[in-house]
Amino acid sequence: MPVPSLIALLRARGSVLSSWIAMPEPLVAESAARAGFDCVTLDMQHGLHDPVSIMRGIGAVALAGVPAIVRVPVGDFAMASRALDMGASAIIAPMINSAADAEALARATKYPPIGERSWGPVRAMQIAGATGGNAYLQGANAETLTFAMIETRAAVAALDEILAVPGIDAIFIGPSDLSIALSRGGHVDPMDAENQAVASDLLARAHAAGKYVGMFALTGAQAKLYLGLGYDFVALGSDDMYLQAGAASMLAEARAK
Amino acid sequence: MPVPSLIALLRARGSVLSSWIAMPEPLVAESAARAGFDCVTLDMQHGLHDPVSIMRGIGAVALAGVPAIVRVPVGDFAMASRALDMGASAIIAPMINSAADAEALARATKYPPIGERSWGPVRAMQIAGATGGNAYLQGANAETLTFAMIETRAAVAALDEILAVPGIDAIFIGPSDLSIALSRGGHVDPMDAENQAVASDLLARAHAAGKYVGMFALTGAQAKLYLGLGYDFVALGSDDMYLQAGAASMLAEARAK
Amino acid sequence: MPVPSLIALLRARGSVLSSWIAMPEPLVAESAARAGFDCVTLDMQHGLHDPVSIMRGIGAVALAGVPAIVRVPVGDFAMASRALDMGASAIIAPMINSAADAEALARATKYPPIGERSWGPVRAMQIAGATGGNAYLQGANAETLTFAMIETRAAVAALDEILAVPGIDAIFIGPSDLSIALSRGGHVDPMDAENQAVASDLLARAHAAGKYVGMFALTGAQAKLYLGLGYDFVALGSDDMYLQAGAASMLAEARAK
Amino acid sequence: MPVPSLIALLRARGSVLSSWIAMPEPLVAESAARAGFDCVTLDMQHGLHDPVSIMRGIGAVALAGVPAIVRVPVGDFAMASRALDMGASAIIAPMINSAADAEALARATKYPPIGERSWGPVRAMQIAGATGGNAYLQGANAETLTFAMIETRAAVAALDEILAVPGIDAIFIGPSDLSIALSRGGHVDPMDAENQAVASDLLARAHAAGKYVGMFALTGAQAKLYLGLGYDFVALGSDDMYLQAGAASMLAEARAK
Amino acid sequence: MPVPSLIALLRARGSVLSSWIAMPEPLVAESAARAGFDCVTLDMQHGLHDPVSIMRGIGAVALAGVPAIVRVPVGDFAMASRALDMGASAIIAPMINSAADAEALARATKYPPIGERSWGPVRAMQIAGATGGNAYLQGANAETLTFAMIETRAAVAALDEILAVPGIDAIFIGPSDLSIALSRGGHVDPMDAENQAVASDLLARAHAAGKYVGMFALTGAQAKLYLGLGYDFVALGSDDMYLQAGAASMLAEARAK
Amino acid sequence: MPVPSLIALLRARGSVLSSWIAMPEPLVAESAARAGFDCVTLDMQHGLHDPVSIMRGIGAVALAGVPAIVRVPVGDFAMASRALDMGASAIIAPMINSAADAEALARATKYPPIGERSWGPVRAMQIAGATGGNAYLQGANAETLTFAMIETRAAVAALDEILAVPGIDAIFIGPSDLSIALSRGGHVDPMDAENQAVASDLLARAHAAGKYVGMFALTGAQAKLYLGLGYDFVALGSDDMYLQAGAASMLAEARAK
């Protein structure tokens, strides 16, 4: 049974909530998938993954029936191609600060004529249940999504040029980095008012350009807020947070007077 | 900084709450340790571990400053010795149904003259901060704890003989298996009244014999109950449960109307 | 989508062909599953597995939609329980030479009242798509199969007692070991006439007792022969053989004059 | 016993057939080596490797007595250096589209004065049986081969400049990507007539420049064709293909009527 | 190039010095092999191995051209068979305290008619360069060695019965455990005079019975002593000791005034 | 108990001796830490690591109470950020040949306003015992050190510009590569007189600019020399050297006449 793609879920559900996984253990990703998230993001940038843990995580998440997204390290566009070959349904690339960055990203994630993604999707075709090379080739550019992260002053300034790059399907706002950038290193505070105002402007401009917009939420309340504001893809918490929150809640009950 | 032993915690705190880890990823065990549990049990019987994941998990839990306990597979007393060599602070051995089982367990977990544990604690001495072989040898039998699991009709009948075996420091009640045994395969229900009555009797008899008693709780409320009843060592939930509980709680908040 | 159980396939198809996997790499098992085998056996006895590679292999095979069987090391009945907990659809236990061996095997693989399998099937319930503990408990004894390997003179002599042990659902003939035993170490030759005659007698007696019978085939021709003789479960070749056969065939074509 | 280098095999045999390995399991690479290939290529670009699986695979292939080649991810020239340090006998770098790309590749794979490969070949010297640092340093540039992949329109146009870059010992044609590029994303078809014509022209020009030429063949028949056309290094199939071909052939025999 | 067997080295060199490896990293075992030891023992009893790290370690040690020996956990005779299948040249089994223990050991390590080792040496045949099943079967009982560890009072008392068990090729003295046993838990001191006297008596009796004798040495001086006393197989130190000794020596030189 | 940072050790001790680890096994790194080094460097450039082995190694080294440093592959500044997120106390980046290289390095290793390091130090905060995001953010730029490797003619020429780049805290001299560069590929000889003279000049200029200077020593005697010359951070030998030196010393003693 092929796993639905992220874009299919976005079309069917309007918006999605994604889990966020830092630990290089497929069972953790699979457990999150079984907990009710629409999809699971495996984070290579700040998470603790190898390429192989990404590959195994994508399989584990597929076994639970949901699509996997991969955030690659800064500038590692070769890994973006590899993650798609491993069956990722979307790529999130951090620190896309210019049209040139966006072009390099699209080149790695889209087949010709849009980009220059190289051919070799053996694993992706297994995960997707694809039946033939040419069919996969014709569908891949539309069926897999490329998110450019907007999280610096330069990126905010270059947003329109970035949105205009063919193959950039979506942006993903990095609210912590954005708050550090806006405060010039003064603080990390995603919910800072200026930060939220800039984010809302990014959301509006990206939607106006016909692109999806993703956002990272540290709490359920933040996620609810973002869904209400119209964000399409909301990542919520992380594996360590789920584990510690669940454990703390059970411990509190056990130790209650 | 050496990690406190389980027995030191029991003496200092009266009772302890242990995490329960099935996934073979040290970061999961370490995260649970950081969530506030007094100690962490790595489960090889129903969990998904290899010997090496146990060894790495013990190190990870030590980095978080708490002792690790290992539950070994049924009858795998060689693994009990190995887990102690890897630095485990206590062993939980399932399905100890007779004095002969208990003697085999003690033989593997205690040095002469009590048992026949074989010498080779290089890693354990690093984890414990031990300074010399003879000092470790002299202290190990008292500093590491051996739990015999009582979870069948035969074990209940043989309890007094099991408690009388030198080197058995504690029992651990397996409430799910006990309920299956008492119902002759009819159901699994740890909170069944007959089951709880038998467990309470085991608790009383073991305490009367001067032994510690452990119990497994599926929820915080069960753990609170067991602590109130006088159980010394209460294991609470499992890694998959923490993860799914934490994730579900955040998802519910995000999706609340 | 839950994976079909081995017994469901046996009922639906009459007989099955199983792959045989020695390498501790889930992708190898999954590739074999995708090649058209009805099911995949992961071999811990002569294969090169750890418990964790078994667990990951079962998941990989499930992703390809077929059930996994695990052959455990000689006498490692604790591992038989663990493999069932990891989601194995059947267990093959080598060197079951007496009713006592068979009873120990059944004790580990069947819940009360048949045996004493211990409760903890968290992963198995995920793989099977089980919805509740009591439902799993009630179904597991019938839904998972226990194969006793018959491969020594003692086992042949004790066959009827072994078949009479409750919880032994099937036998699996080890034709290489049987030929070594029958020749008292003289040769290894599964197709030796005496060996085949003894095997046919075992097949007839086990079928008469209402048990399934498995057999190992080194070649497709042998497998075809066994299917024709009425064996229910035929394991065919191994991962190293598939790899080398496929490679050799392509190399031969490339180097043809 | 030191393993022969790829260049030694090319000199001795005129041309070589290489296996192609995507799975991160050293036993798979070793099995392919034992199947009769002259050498084994470990593919990091579209394969499923980590740096550590490459290192272990090179050792496994050496144990079988043949040299290993590593294809690195797009633009990951640091990994090219690392693979040589791990004992690779040659590097294949994808998407070398310009003289600048080729220079960056040569800088990473050749010691001064040709390039700027950094010193640290501890493992490579073990694999090669090298006896001293200066001897290794003096021989390495000639004894290890650098393949630039030619697989885009830009690369075809820049071929002569690429061939002129010191340190580029060979080209490797990526026939699938070339066919996608030539059809501007229209299809993937390595055997397309235009594609083969362009490839033959590349072969002739590279040979005229005194460089080796590699090619990827999906079938034994394609490999035979390429050897006949004068390609020096022909990669044939992949691990998943060997496995599935071998398994399918045995299954077909077993199920034959 | 097949690796020499341990017995071939014993015949050729009279006695051998073995490395001792606890860490589950093949490169550590291979490094020790390259340091000049005649052979390498991988220790599963007090070491930190999984079955898979044993398998990979045997391959790594073979790449360095020397045979590997495996010490299995207490009573894990199934692992003894598996280690031979993985290519071990000898097995060391701890805590063989009676003829019954020795018989169980021989049953697992010798093919019929001596024992009941099960057939499946695919990997061992690759490591040994074996050419056919029957040839391997006929040679294996003589070409691989089985060491029974003598390290308890019971074992000392039963030595003659143990030596009389067919298939027991050698004994290995565990000097630390023996000293603990002789002192009834009072101390661990391999060089204690009584301990050495008992060991010398074991050596003489085993040699008189035509068996090889192994011994563990903590220092080079101890090893020299044992070689002088006529021990055939002397294990020396361990990986952690080599590492710390080499590091400490370099640090001392660096910090010298 | 938080681990001291490298900069804290430098301040407290004036200079430090670092171990150097190539093997991807945390126990090797931990063993070196326990041998008395002030800190441990994990080498990804010429060593045999994956990102995950770096993450686990940092934890293992922390368990032994000392800080970890990571040398990243050439140009892999994304990995520099990731290593800091994993808890590295300092980064060593090879082949920093220009101010532009140094700026890219600082951008990845320093938060705004110095650089553009991205936010996500969950693991680093655990290792450092950090208590809050803003506190970590404010301290990180000063508490973690960035070493630029100077090891080419271009780097020597550009030293002053490199030292002037904000965020470059230190240089690390690569004496082998420098000797190859100075001899234009003629030899590798760190102790060559010209090489040492250039190194001393680099040391003086970097110290004059208020930067720390690191150096790699192959022997204890070289390390002693460098400490005497005023180098702040001296890396000494490597894991394979410790292992082989310790083993060789014990073997020599054992085989002494």
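The letters A, B, C, D, E and F name the chains in turn, as written, and every chain counts its residues from 1.
What we mean here is this: a residue touches a chain if its C-beta (ideal position, glycine included) is under 8 Å from a C-beta of that chain, and two chains touch if they have at least 3 such contacts.
Chains and their UniProt names: A, B, C, D, E, F = 4-hydroxy-2-oxoheptanedioate aldolase.
Note that this is a predicted model, so its numbers are computed, not measured.
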Legend entry - Labels of chains that are neighbours to chain C and to chain D: A, E
Legend entry - Graph distance between chain C and chain F, where chains that touch are linked: 2
Inset, instruction - Find the chain most remote from chain D, comparing centres computed as mean CA coordinates. - result: B
Legend entry - Repeat of interface C-D, chosen from D-E, B-E or A-B - more than half of residue-number contact pairs shared: A-B
Inset, instruction - Averaging each chain's C-alpha atoms to get its centre, pick out the one most distant from chain A. - result: E
Legend entry - Centre distance in Å when chain B and chain D are each reduced to the mean of their C-alpha atoms: 52
Legend entry - Inter-centroid spacing, chain F versus chain E (mean Cα positions, whole Å): 39
Inset, instruction - Could you give the separation in Å between the centres of chain B and chain C, each centre being the mean of its C-alpha atoms? - result: 33
Inset, instruction - Identify all positions of chain D at which a residue touches two or more other chains, and write them in rising order. - result: 24, 34, 48, 50, 52, 240
Legend entry - Every chain pair in contact, whichever chains are involved: A-B, A-C, A-D, A-F, B-C, B-E, B-F, C-D, C-E, D-E, D-F, E-F
Inset, instruction - Under the touch definition given earlier, write down the residues of chain F that touch chain D in their complex. - result: 22, 24, 43, 45-46, 48-50, 52-53, 73-76, 94-95, 151-152, 174, 176-177, 180-181, 184-185, 187-189, 238, 240
Inset, instruction - Give every residue of chain F touching chain B within the complex, in rising order. - result: 1, 26, 30, 34, 56, 59-60, 62-63, 65, 126
Inset, instruction - Please name which positions on chain F make contact with chain A in the complex. - result: 50-52, 55, 77-79, 81-82, 85-86, 108, 111-114, 116, 118-123, 133-134, 137
Inset, instruction - Using the touch rule from the top, collect the residues of chain E that touch chain F in their complex. - result: 17, 19, 23-25, 27-28, 31-32, 34-37, 48, 217, 219-221, 223-224, 227, 234, 236-237, 239-256
